[in-house]
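Listed next: structures, encoded as structure tokens.
Paired with chain B in one complex and with chain C in the other, chain A is shared by the two complexes that follow.
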Partner chain A sequence: MKHLIGRRALVLVSLLLLLLGSVGGAGAQDPVTITWWTLASAESPEPAIRAVVEAFEAEHPNIKVDVTIMAESAYGDLMNTTIGAGEGAPDIAYFWETPWLPHTLDITDRLEADPDLSRDDYFEEYFNNWAVYNGRVVGLPFTVGANFVMYNKDVFDEAGVDYPTADWTPWEYIEIATALTDPDKRRWGGDRPRGPFRAIWRNIGATKPYSDDSATVEGYINGPDAVAAYTWLWDLVDSGATPTPADIEVLGTEGTGPVDLFIAGRLGMATLNNGHMITAANAGVNFGVVPEPHVPDNERFVHAWALRASIWAGTEHPDEAYEFLSFWAGPEGQRINMEIGALMPSLPAVLEDYPDAEADYFQGFMGVLNATQTAEWRATHPCWRGAVIRAVSDAWDLIMLGEIERDEVQATLDAMVEPGQAALDECVPRLGG
Partner chain B sequence: MRTDAAAQLKRSNNWRRAKKLIGYAIVYAFMVCLACVFMLPIFWMASTSLKLPQDIFAWPPEWLPSTPQWDNYAEAFSKYPLARYMLNSAILVVANIIGALFSVPIIAYGFARFDFPFKNALFLLMLSTMMVPGHIKLIPLFWLYSRLDMIDTYWPLILPAYFGNPFFIFLMTQFIRTIPRELDDAARIDGAGAWGILYRVIIPLSRPALTVIVVFTFLWVWNDFLEPIIFLRDWDSYPISVGLAFFQGRYSVEWHLFMGATLVSIIPILVVYFFAQRHLIGGLASIGIKG
Partner chain C sequence: MILTRWRNMTTQERRDAKTGYLALSPWMVGFAVFFAFPILATFYFSLTQWTLVDPPVWVGLANYARMFTRDPLFLSSLKATTLFVVLSLPLKLVLGLMLALLLNLKIPGMNVFRTVFFIPAVISGVAVSLMWIWFLNPDTGVVNTLLHYVGVQGPYWFWDKDWALPSVAIMSIWKVGGAAIIYLAGLQNIPAHLYEAAEIDGAGKWRRFWRITLPLLTPTLFFQLIIELIDAFKIFTEAFVITKGGPLKATYFFLYYFYEEAFRNFNMGYASALALFLLVVIMGCTVLVYRTSGRWVYYEN
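Take a look at the complex of A and B:
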């Protein structure tokens, strides 16, 4: 009898332990929390960010997202600090700086195995230039950005000048800018490019500042096409139809383009981007959009970018992080941001539903999205931005300040060959290219 | 004869008084002009906060908007929880001021009144920490607070104040050195110990220096941007300095909202400065002259 009670007790205890074990097993399936750092902006405001989290968590009850929303000006410092410290970086964030790229998780295999998302869903140029690094997929392109020329229709109408069309040339740009300029109203017709070898340079034919094998700047930085492009800049500066860099610094937001002067009607045309486009539309400006001018028969380039949404290589939850990344930077997340904010998604199938998709300016913007990006070359040549551009900046500065004559452009560029070559030779072993 | 002399004296006095008045008028006119120059940015800020975006950089500039956009203020405060951010800043300011008033006098008192081995070397070592740029300390500090599980709390922004600030310690040490030691001796004869002397003699006489500490701590903590962005994560816990940065977007700045929010955010600083300026100027002067 005693044995029987003992056996029953043993069985009972075993069952109880089994039950507790199963409860413990359930506990092991508690939601995993992943951290996400992002920015609040007009394109992706705080309510849109919260809505993304809410929608994702509803679809994935086993994953919780701990979101940190920060200001643009705070982001770089925080990423540098946490990546530098080797801890504290978020599972998912924008990894837009090149030095951060080695700290991203390779998601090539995960994306290929994903039945719901493919690289073909994205604008090809944006995916290739902003999600791929050294042949591996390091993130997903979130939103699209591009430079184009915005023109103020009221200023054009007042000056009796025809609106520019997509087939215009850089020299027509100077003519139109000159015609729009009105010193009495402190109004300039156009603005100046923000650096050499961006879209206009390439549209003129100066496609690269040094050889593809990164061996020489001779014949590139001072080649005939580069001389033509720098001479075009000289003509633009000489026309007096543009504000000086000092004017723009004092009067408006210089960083990504003089949108403040454009909105105020003091610039007839300006090379701006789709973020500025939304700002101008919200301010009620009557404007149109055309691609940056180019030379007929030359390939058309666009200076474009995307925000690279990536997973930190140090994440403890790569699977869950990928689940969220593919939601946030996939069709669902970008659609939520487009509908609540003003995001322009990097997926053509979503972008075509943009609320202002029928507006003239939006159609103009769509026209530049499939052009070849200047980033295509730059992404594989980090030395251009890393070293060479600084070494040869004197030519740019001298022209911008009106310090040299037109016939001195060639000699000035020739003088840049030596410092440019030295910078390239020093940089290539360091950064590659 | 006597009448002439009196009249001459009177004329002379009148002329002297007139010269004095003219002198005052010139000085005051100059100071008013100078004040206007200094007030101009605040005026521009106020004017911009009431404009439409397209009017901000218009030419000719509109000093006073014809149709003030008062809604800009409501929009700025509804777009981001700025009132909450100002409260957070106030909490940080108060906690830091308490910390500074607690730690700085004790440390400074030690340096000013006691002799101990390596005192000068330690004082120099402390001063040398002022030469280290703040950015260099960020990664080690982040690592430290991360180990202490203090990230996303106010502790990293408050705790350092309770361990002294080298600049304030230097100021306070110099100030305490100007207080005659005879007062310490008198208190000691009356039975006061080291703590009694500190709290009954030194601190009451150090009000100008303490005011400097309070006002500077207020300004620094209220305006601090870098440390909050490094250590805080929660949307509702940001101070106002970080909240204002949200108006600066990736591509453009919402100047009209930014200026409105900034104008409101500087009101506490102006109020504190207004009430503390007499002590502040006196404190700085006494430290500067006698230190």
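Take a look at the complex of A and C:
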């Protein structure tokens, strides 16, 4: 009997070991699959996305990347739904909405421990504005975007006007635009800002719509700096040197800026972005790039943006997800996108290898990338974008439409305090300051 | 009561009833899943504060209190939407009828005209909006260019605070071909012998229209009125694509406000309250129209 029990125990233990062995063996052999939701664009087209996956999987045979390339229109809904449900969200994705940020994995420690990648590898302003939220690293900045002024050298030469320089002021902008304007040729000297509190606003007295603690509108939206900025806009509109909002709307490209007017030589100067810059270069336009004008001795600001590549906090494979994130948004992945697509990487060491990097205009673009960014008003002030801008937009519209006199700017801004404060008070408890 | 009726049924009646319910079930399931549940869920969410990605927080009637007491945008959007309904609804009803009368003429190639006029009704709203941006461009648009030829300085249309709303209303005429096809079906159902008898009696075209066409077309008019009314209250695409609610909130329509609250401001609780309010308004208007229909809609039976 004892013998029988001993034999049975032996068989049982052997089976158990065999089972455990097979499970362990399968775990070691089967690769982990992580999910990645992304979008295709001219900067990061589908072939570049596939090439990133292929290169990563070749380097990491134990990790498979299940990529889904989505339409932008569906992306937000799917992210909202899956994050809200707490299941089904991808391991890796762009987390561009502020309410999504609390649902990202904190990668501060992983990045610090990473021997191949560091926050210092990125443009500092882009990293601070797009990767850090409430003191924790919530992703990596993928690509760089910025606004700057492109000027058409041929138009300047024809009008006999000197090219602008980096130290120009907002008032010089109006003077130059006026000098370039030629109604007979249906040409405007420069365009208008397309929204308040972008760089030009901060560059005229560091204006902000409300206090840094997101508590007070009075004294900010109607403070002396804001009045100066809105009065500058009034002067610009009054000069007749800029196209109307209707012209910009119609002749702009995909609502991003009047690059078509600029390329056609109907705009001497235009505040555009790096995508437009490449479009103009490909069209053979003879142009230069300078930062937006600012008040001398004040800090220079730039309106800039990046895509925030993050890991979902609910991922079951945080280590593998980080491996992929640091590859895709690190030097290798961004270089692949730069070479196959037209991505401008957020890593200076990689961006320096951009095909046009030596061109004058590109050097002008590189010059704005280290300026302080106004992106904070979108990146960490969710109430500005969603609620407050809407409440105070009448002041902007009234000036754009030429509905008020110059000496009415202060009173118009004073009238914005109450709706602005109400919008802020409603929003901050909900979305945070 | 239902149980008593069921018990009193014969086997054949029960079998028929089961078949009936079975036939109805796809609609009932669809109604429950796609209409009843979402409406109930919307009502629940309207009593919460919900950012979409975090769990909803119960706030009771706070969203409704804000809507009715301290939200100037609620009033702005309601005003813009009501004005749009008032402007566009008669325009579409009258022009739709006029177009249908033209399309009902017996001339060669009429089917081609009918198709051409119907096409705009099936084109994407975004594409149509982009096209109208070009049509009504103050500087280079075809409308202002034509006005310029006759010595008239055209307005700034979508970019003028006084013209933006009328521009959107004018734009809605673009889809009038869809309404015209429905009217046309109604027109073709009017018995020809009535016109023949009236003609023999010496009635002119205008008299025949007032005494025969219009009365017999009132059921179609009633249907169109309800459909167009609901459609007008749901105006959104034009504001989203063209005006962004401006200038100066002139085209800040109710659904655009709803969209901004829900998907830009992450305020789904409040957006749900707005949606329910719009539902009540549309239902109220529909009931009102329905109640008056006994006085002006003519049914032969």
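FYI, the second predicted complex is superposed on the first by the 382 of 433 C-alpha atoms of A that agree within 3 Å, B and C clash if a C-alpha of one lies under 4 Å from a C-alpha of the other, contacts with A are read in each partner's own complex, and residues count from 1 in each chain.
Everything below uses one rule, namely that a contact is a pair of C-beta atoms (placed from the backbone, for glycine too) under 8 Å apart; a residue touches a chain by one contact, two chains touch by 3 or more.
No experiment lies behind these values; they were computed from the predicted model shown.
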With both complexes overlaid on chain A, does A:281 touch chain B (first), chain C (second), both or neither? neither
Can A:387 be said to touch chain B (first), chain C (second), both, or neither? second
Touching A:84 in the superposition: chain B (first), chain C (second), both, neither? both
Of the two partners chain B and chain C, which one touches more residues belonging to chain A? B
Have a look at where A:427 lands relative to chain B and chain C in the superposition and call it first, second, both or neither. second
Look at A:68 in the shared chain and tell me whether it touches chain B only, chain C only, both, or neither; answer first, second, both or neither. first
For A:41, using the defined touch cut-off, is the partner it touches chain B, chain C, both, or neither? Pick first, second, both or neither. first
Examine A:259 and indicate which partner it touches, taking first as chain B and second as chain C; both and neither are also allowed. first
Tell me the contact category for A:401 with respect to chain B and chain C: first, second, both or neither. second
Regarding the shared-chain residue A:247, is it in contact with chain B (first), chain C (second), both, or neither? second
For chain A, give the residues common to its interface with chain B and its interface with chain C. 84
Please name which positions on chain A make contact with chain C in the complex. 76, 80, 83-84, 97, 99-100, 102-103, 244-247, 249-250, 382, 385-387, 390-391, 393-394, 397-398, 400-401, 403, 419, 422, 426-427, 430-431
Looking at the complex, which residues from chain A come into contact with chain B? 39-43, 46, 68-74, 77-78, 81-82, 84-85, 87-88, 185-187, 251-253, 256-257, 259-261, 263-266, 273, 275-276, 279, 282-285
In the complex of these two chains, what residues of chain C are touching chain A? 49, 51-54, 66, 70, 72-73, 133-134, 137-141, 156-161, 242, 245-249, 260, 263-267
Please output the residues of chain B touching chain A within their complex, sorted ascending. 52-59, 80, 138-139, 142-143, 146, 151, 225-226, 229-230, 233-235, 242, 245-246, 248-253, 255
